[in-house]
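Encoded as structure tokens, the structure appears first; notes follow it.
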Amino acid sequence: MELAIIGLGRMGGNMARRLVRSGVRVVGWNRSQDVVRELAAEGMVAAESLEALPALLKAPRLVWVMLPAGEVTEQTLQQLSTILSPGDLIVDGGNANYKDSQRRGTWLEQQGFLFADVGVSGGVWGLQNGYGLMAGGSPEARMRLEPFLKLLAPAPDKGWVWAGPVGAGHFAKMVHNGIEYGMMQALAEGLAIIRKKEEFGTNLAELTEAWRYGTVIRSWLLDLTAAALAEDQDLKDIAPMVADSGEGRWTVMEAVELGVAAPVITEALYARFNSQDQEGYAYKLLAMMRKGFGGHAVQKVEG
Amino acid sequence: MELAIIGLGRMGGNMARRLVRSGVRVVGWNRSQDVVRELAAEGMVAAESLEALPALLKAPRLVWVMLPAGEVTEQTLQQLSTILSPGDLIVDGGNANYKDSQRRGTWLEQQGFLFADVGVSGGVWGLQNGYGLMAGGSPEARMRLEPFLKLLAPAPDKGWVWAGPVGAGHFAKMVHNGIEYGMMQALAEGLAIIRKKEEFGTNLAELTEAWRYGTVIRSWLLDLTAAALAEDQDLKDIAPMVADSGEGRWTVMEAVELGVAAPVITEALYARFNSQDQEGYAYKLLAMMRKGFGGHAVQKVEG
Amino acid sequence: MELAIIGLGRMGGNMARRLVRSGVRVVGWNRSQDVVRELAAEGMVAAESLEALPALLKAPRLVWVMLPAGEVTEQTLQQLSTILSPGDLIVDGGNANYKDSQRRGTWLEQQGFLFADVGVSGGVWGLQNGYGLMAGGSPEARMRLEPFLKLLAPAPDKGWVWAGPVGAGHFAKMVHNGIEYGMMQALAEGLAIIRKKEEFGTNLAELTEAWRYGTVIRSWLLDLTAAALAEDQDLKDIAPMVADSGEGRWTVMEAVELGVAAPVITEALYARFNSQDQEGYAYKLLAMMRKGFGGHAVQKVEG
Amino acid sequence: MELAIIGLGRMGGNMARRLVRSGVRVVGWNRSQDVVRELAAEGMVAAESLEALPALLKAPRLVWVMLPAGEVTEQTLQQLSTILSPGDLIVDGGNANYKDSQRRGTWLEQQGFLFADVGVSGGVWGLQNGYGLMAGGSPEARMRLEPFLKLLAPAPDKGWVWAGPVGAGHFAKMVHNGIEYGMMQALAEGLAIIRKKEEFGTNLAELTEAWRYGTVIRSWLLDLTAAALAEDQDLKDIAPMVADSGEGRWTVMEAVELGVAAPVITEALYARFNSQDQEGYAYKLLAMMRKGFGGHAVQKVEG
């Protein structure tokens, strides 16, 4: 078994490592060479350039791209289409929008390539626990890809799914992340309520640690929350600002396009928007309206 | 026609003024005497103390209490029950929770008084435009109170309603305010979206001014918004902080008790909570969870 | 003053009528000829075909398209580009997505046409009250279009705005409709709460009629609500199903793209999705989860 | 070690069983005697009546009440206060509102009893997996109760927490359930989106089974969901109707009282309200408003 992995960052690097440890021959390339050298020392075959990569694999090849979604992935796939051969299978394991994957799949298949889109979950823990994998593509792509999915997943029969044709993998991963937003927000709200109930002085670190066992809400996100609170339940050094990657936004847009109500996923996204909002223009407007009808005092910016 | 008004603040004072101008004999009392003197100069009969008030009116009396909801109103109603006579009609025109009004109505009626609860809308504009009035009480209370409602309202046949038995007036006013929250937030969100769409550079003052005529969203709140934006559409001196009075919260609690979904009113209330939140604990938790599973960088508080 | 109007449906027909009554020479065309004949009898100049239209106007022409957004508008604009002359001003007054308008504007301007996008509000009441108009386009387009906006609007200085470059008109109209969704939902929720509070038996027709005057929530939507409830406050013949046109969805997608939290507008949209949902799959899932952890009985579909 | 359990239903019965199996002497009473006989056969000591119970335990006694929240619990606690002795510890393990527990705690402690409130999670799976337990009460109550919590929990050092003084246990359990609502809804929304994306034909049973491993959203609720979908992913026999117990409502009311925004938990609750709504009055109102301003057709109820 052999494949190439392009992009050896936090995700791709550990995936390469996990496959090497499983006995797979992994050819790896990365823009920055430090991580290439590091992985080469662990048994990965280092490609000196993208162009050098095809010669290091037997056809039909399997090339797994693990790069940031967007321009970088787009350009790399275009470049691959010029150096790989018809019959090769190109996999995008990044966080692409599924519509991009559908477009790319069509375009690559027109040129004789196979294409599969794979959503990969698991973060920094995947090396040890295995990755959650959601794949989309043709039956032929599936046949070629399955053995690798079984090694990357927590177990050969666990944690991977063929979700449908090209696009279905990234679509499933997108929704996975939408659900993740909702679950995270549910936990955050609950804990914020308990914290605000000061009369009880509940120790949130102990509470979340206890909730990890026997309760209905036990979950990996709760495990992580308990671990974070065990260090400092006041989180006093942490800025109240939550970034959002694309998938949460895409999930909401998709819900809107499909006409499916998704209030919880959407409110979880909006909570992040609120955390990112420096100006508070909507709040200012509300304050002015209140002043307008009720003569309510408006707080002025200090300065 | 005569009545007493207790509490001559921003609302009560102007109501007294409006009634005096309509030819009603208004006996007024207020803790601070400045406003009493001012209104006396305009034709109001000043009561020197609460105890002096009954002697200034012919029985059966009509005493309209216009005080802040809560303790002040509670104590004043209790005190009135000791100095007024059975058959007198006591009106609470403040923003009491309707459950308090129901309790007070029962208790006052057991002592032989009539009681009505009246929600009063219109804010600082009521003197000029007339007030929106929602009343609750018995048919007998209605018969006694109607002539005054007709004078306080924008017109004798406009802007007042008998909403039902005791409690129904404050209940209707509570929901009115809940709707107000939702409408305000709808406007604020829409304008925040347009402001963020910087490429269009839309002039929000001109836009809202235009929206006041011919559109589906024309409304008094829009009128006020346009007036505020005409002064400074950047609202740069306004702090992004919106207070909430009790009615929004009560409306949501009532929706929950009744099992009626009220997402818009609730989200409007939560937007205000967000504007009041100094700590952002929920956001901090989310940031920590993201770090936990994805190794995402967490922004540290500066300093 | 003269212009052509293409599309004489519920909106376009009344706009033609309003302009004719103002002394404008209106050339009209419509696929179905009935309305053309009707308007011709009122003074409109009837075009026998789209191709016949340019000859009926002096260059530089102003042609206002008032057709359903989407394919019909797209094809008509393309056809107009083949029969009109450079320098003519084409106006899209339909409910196009602003991104389509931007694309069309670029394309038409490349061919030497002027283009403006105008969002038109006011519905069936516009003939009588005037329309709310939000326009986007170049300063030159503005100079040519303004005289007509002033006639269509409720008054020459009221109810129309130049919102910015091409796209800004439909963008502003889109957000207007988003705000409309939020305001409608706020009213609907409030009234549903009062209705569910059966102990008060509040007459919703009387209540909404009263709210129209002196209150903070007085608005045109409230006027319409009161009128509907005056006929039958139980709405017993009305199916609980609310359609949604594109603008609500687009507003939410735009909010998500811009990173602006718009919970109220979004929840108002989701309420409509819920009203359209025949299957209730999400509810079924919740019922099954409850059964899974709590042994709670699940209600079976009858039949 | 010995205690009495009052109420041997789905929860109490299995808790008695788990304790008996751990070697605890359990005295049990239940209104219906069938389950008493069944448990007696497994080693529980059966009390013939509530009055007979004190004599079966050595003072100071520990009596754990496991009854439906509300009237039944209230009356039983009052009755216990007449037959138990000062120094006995009374535990309410039902789903009481924490404010009731605070009131009862005060009242029972005034009479010399100890009182603790314990929220119990785990449902029908607790017998096998152990229960999640959140307790509130004085340090003395804690000392007496801890050994039993350690046996009921999944492990002596896992799954139980002393959350604070009386009330804190039920408060923590209430919020736990609120979080549960949010997580369930996040899952339900995500799956509803994928189901509506018919072009992918994703097998939801396979997908959720795969998500159980290696993903960020792995959780017990996902395990249950996968199990339910494995049987029938169309859920065609399930009515789209989700009941709500008190805790979700209380959590939202508490959030509102505390001024903490809880959009996700609240929207999850409202989704259930929507599922329970037979009339759709708010939707009817929206349909009428649309008709009012746009002449949009309103769908009539068939019949």
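First chain written, first letter: the chains are A, B, C and D, and each begins at residue 1.
As a working rule, a contact is a pair of C-beta atoms (placed from the backbone, for glycine too) under 8 Å apart; a residue touches a chain by one contact, two chains touch by 3 or more.
Chain labels with UniProt names: A, B, C, D = 6-phosphogluconate dehydrogenase, decarboxylating.
The shown structure was predicted, so the numbers you read here are calculated from the model rather than taken from an experiment.
Asks: For the interface formed by A-D, which of the candidate pairs A-B, B-D or B-C is equivalent, sharing more than half of the contact pairs by residue number?
Replies: Equivalent chain pair to A-D in A-B, B-D or B-C: B-C.
Asks: More C-beta pairs touching across which pair, B-C or A-C?
Replies: Higher contact count goes to B-C.
Asks: Distance-wise, how many Å sit between the C-alpha centres of chain A and chain C, to the nearest whole number?
Replies: Result: the chain centres lie 38 Å from each other.
Asks: Roughly how far is chain C from chain D, centre to centre by C-alpha average, rounded to an integer in Å?
Replies: 47
Asks: So the centre of each chain is just the mean of its C-alpha atoms; given that, what is the distance between chain B and chain C in Å?
Replies: The mean C-alpha positions of chain B and chain C differ by 33 Å.
Asks: Hunt down the residues of chain D that sit against at least two other chains at once, touch-wise.
Replies: 123, 185, 187, 189, 191-192, 216, 220-221, 259-263, 267, 270-271, 274, 282, 293
Asks: Does the chain-touch network form a line, ring, star, complete graph or other?
Replies: Graph shape, chains as nodes and touching pairs as edges: complete.
Asks: So in the complex, the part of chain C that touches chain B is made up of which residues?
Replies: Touch residues, chain C against chain B: 121-123, 126, 129-134, 136, 153-155, 158-165, 167-168, 171-172, 175-183, 185-187, 189-194, 196-197, 200-203, 206-207, 209-222, 251, 254-255, 258-265, 267-268, 270-271.
Asks: List the residues on chain B that touch chain A in their complex, please.
Replies: 10, 123-125, 184-185, 187-189, 191-192, 195, 220-221, 224-225, 227-228, 235-243, 263, 267, 271-272, 274-275, 279-296, 298-302
Asks: Name, in rising order, each residue of chain C that touches chain A in their complex.
Replies: 216, 244, 249, 252-253, 256-257, 259-263, 266-267, 269-271, 273-274, 276-277, 282, 293
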